[in-house]
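The data blocks that follow each hold one structure.
Shared chain: chain A. Partners: chain B in the first complex, chain C in the second.
Showing the complex of A and B:
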């Protein structure tokens, strides 16, 4: 096994880090989503990394894309914005690209890469979170159209999205084949964007409720075929749990470096605080979790490049990264003491951002259930 | 709009915050990074190409690849053993010949100076050799048409608005120390970018006008001067102080 990054991967990683740093200097970040910054990322090419050049993408493999996402999380200090990009890329654009027919790809992929269209994924409902297969939104066929009724909750990117992948029940009697995925445009009749839901973190990625009131979706916008919804949910979760969490590993690395710098500068009791094991041990733990996360993350990238399923691996990664992300953020705050508790150092913001990772894409509790169920016991 | 940008590779140690000279490759002069970024913006607005030209040996190839990452379409290394030791006169002559060999250029853009040589002479030298107007210390290009360019030029505390016919040469007085690629696509291109090499024979230049032989000046030595600080407090009335200061200043001569 060759664990070295290729020259191209190093080039992309360093280039993304430099680009992100230049953006951080160019713009003021006030916690709101900024479409201009989105365009900058689109013009830079980040939104088309793993898409074929036929659609304006760069045609890179998934492992390179994963390394790019890691660099993005490391360098771009607005975790909410990174989350918005991840959602757009991995649970909307990539799903259309991988599982949509040529018609859907021609219709949406180019504009999603160019920054014209922002994507979102709508599965969760008020009473269907962890139990996502018990959704109640229905889709009834009427000639060349499907009529969707229901509502979706906690939809990341919802207020800013132009294109949604919405999962609905097309056959209530069928357990496996009863769900279908639709590509729904914001402009379709009957789609309403609800009020924004205020959250404790990830502010630059707005979230809302989506209401479908006799929403008319043309039949040609069925994604993957009627009844493919259950498969799509599992596939989407695989992408989400691995590729979205790549950027969190980058954040963990950034936090660790900040702790190293601080512990080298801060002197208490006549010595640098890094010389106290209670501090250095925390930093050592951060390094351990980062390295182990990378190993599994890169393995998943390797598997995806070979069209292999990685349901178990992505669940393990998601569980491990999310819990260590929160621990890293909490330890970083603790190392910085009262300064860490202050708003100025922004570590409390990092902690608030990290907590969401143990909830979205399936809670830590659900991941443990999945992992256990996939073991031969 | 065909734009040529003259760039220079400089030792990494000269830019604060970068690793030391243990890395052999040279990096782009910060004034040239800014100049190239502006050239690419002009090209993106008006169409055309951006070509980068630099004089040096293979150690500047990584800097030329950076030019591609920033957005240059083509890059050229003007390289020959007999170019070594060229001062700004010889450099301007060689680069002018290289520019002529590349065909018609509407606009030539240079950084205001290089942070190692610090002479600011090559840009005006090029315009003299090419017999084209030059505008130095440009802060902003405000308008370009087929035959004219209008620039804002910083002059101490005020801005001059200057119009020139094209082709022309402009130098920018701003710099950018941080290299940021234009896009992942240009970054990808830079990895395998072809470095076109132009040597003395391609330019039909005599040996006598190149290198040390063609230079009007020679750098004898480079040293960091000893700067010592010495404080003297002068007491007394204003008249007393003025007399003493005058005496001290005269004694320096």
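Showing the complex of A and C:
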């Protein structure tokens, strides 16, 4: 095994960190989504990193993409915006790229890379979260179109997206073969964007309900074939649980570095607080969780570059990273004491952002269920 | 054990819960609710690891609908190698 990053990977990592620093100086950040920044990332090439040059991408491998996402999380201190990019890339654009036919790829990928189109993934409903077979949204074939009816809940990127992957029931009798994925444009007749759902963190990644009221979707916009929805859900989860969580490891690294700086500056009882083991142990634990997270993350990147299934590994990574991300944010706040609790230091914001990671893409409880079920007991 | 026996053995022991269960070559696994969505993933991982193949281009659920169809898919992939 080679644990060294290639020269190319180091260049991407360093380039992204520098680019993010320049954006942080150039723009004001008030928690709103900013399409100008989105286009800056598109122009930089980040939105097409792992996509073939045929569609306007850079054609890099998945491990390089993972390192890029990690650098993005580390350097771009707007976790909501990073989450919006992750959603767009891994559970919309990448699914069309990997499982769509040439027609769908030609139609959408280039504009998704250029920043023209923003993507979202719409699986969840009011009564269907991880239990995807409780989905009630239906798709009925009518000549050359499918007519979609129902609603999707808690859709990240919903208010800003132009293209949605929507999962609906095409055959209620066919059990897991009865779900189908559709690529649905915001402009399609019958698709309505609901009011934004306010949440505790990740503010610049807005969320809403999507209502489908006799929404007309051309048959050519079926993704991966009729009945492929169930498989697509599982494949999407694998991408989501690994590539989206790469950025969180970057945030953990940033928080650890902030704690090191602060614990070197803050003096109590005549010595720097890093000299108190109750402080230094917390920082040591951060380092342990970051390094272990990276090992599994890079292994998954290596596996995906070899077309290997990483369903179990991505669940383990998601569980481990999300729980340690929350712990790191909480410990960082604690190390900073009253300053950490203040709005000014933004650590309370980091903590609020981190908590979502143990919920989306399947809660920690669901991950443990999956991990156990994948074992041959 | 031939390929089909290996697959059948895995399905019965690890997906369907073991002793006392039997399936024939054409038993409808999906329509009869014998495998769920997560089981398909587990089966996928098992097949790819056991037979050293990638099934990325074979993910249509029809390929997983019966023992015969699973076996046919593996045969196709092995012959293509």
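The rule is short, and it goes like this: the second predicted complex is superposed on the first by the 377 of 377 C-alpha atoms of A that agree within 3 Å, B and C clash if a C-alpha of one lies under 4 Å from a C-alpha of the other, contacts with A are read in each partner's own complex, and residues count from 1 in each chain.
Methods note: a contact is a pair of C-beta atoms (placed from the backbone, for glycine too) under 8 Å apart; a residue touches a chain by one contact, two chains touch by 3 or more.
Please read these numbers as outputs of a predicted model, since none were measured by experiment.
Student: Record, for the superposition on chain A, whether partners chain B and chain C clash or fit.
Tutor: fit
Student: First (chain B), second (chain C), both or neither: which does A:11 touch?
Tutor: So A:11 only meets chain B here.
Student: Regarding the shared-chain residue A:22, is it in contact with chain B (first), chain C (second), both, or neither?
Tutor: Only chain B is touched by A:22; chain C is not.
Student: Who does A:333 touch here: chain B (first), chain C (second), both, or neither?
Tutor: neither
Student: Check whether A:231 is in contact with chain B, with chain C, with both or with neither, and answer first, second, both or neither.
Tutor: After superposition on chain A, A:231 lies in contact with chain C alone.
Student: Give the label of whichever partner, chain B or chain C, reaches more residues of chain A.
Tutor: C
Student: At the Cα centre of chain A, what angle separates the centres of chain B and chain C, to the nearest 10 degrees?
Tutor: One gets 130 degrees for this angle.
Student: Applying the touch criterion given at the start, work out whether A:169 contacts chain B, chain C, both or neither, answering first, second, both or neither.
Tutor: Neither partner.
Student: Of the partners chain B and chain C, which touch A:307 in the superposed model: first, second, both, neither?
Tutor: In the superposition, A:307 touches chain C alone.
Student: Pick one for A:296: touches chain B only (first), chain C only (second), both, or neither.
Tutor: neither
Student: Would you give the minimum C-alpha distance from chain B to chain C, in Å, for the three-chain superposition?
Tutor: 29
Student: Same chain A residues contacting chain B and chain C, which ones?
Tutor: Of chain A, no residue contacts chain B in one complex and chain C in the other.
Student: Considering only the defined contacts, which chain A positions touch chain C in the complex?
Tutor: So the residues of chain A in touch with chain C come to 99, 132-133, 174-177, 224-225, 227-228, 230-231, 233-235, 307-309, 311-312, 370, 373-374, 376.
Student: Touching residues of chain A toward chain B in the complex: what are they?
Tutor: Touching chain B: residues 7-8, 11-12, 15-16, 18-19, 21-22, 43-46, 49, 58, 68 of chain A.
Student: Can you check the complex and tell me which residues of chain B touch chain A?
Tutor: 69, 178-185, 187-188, 190-191
Student: Give the list of chain C residues in touch with chain A in this complex.
Tutor: 14, 30-31, 33, 35-38, 40-42, 44-45, 48, 54, 56, 59-62, 65
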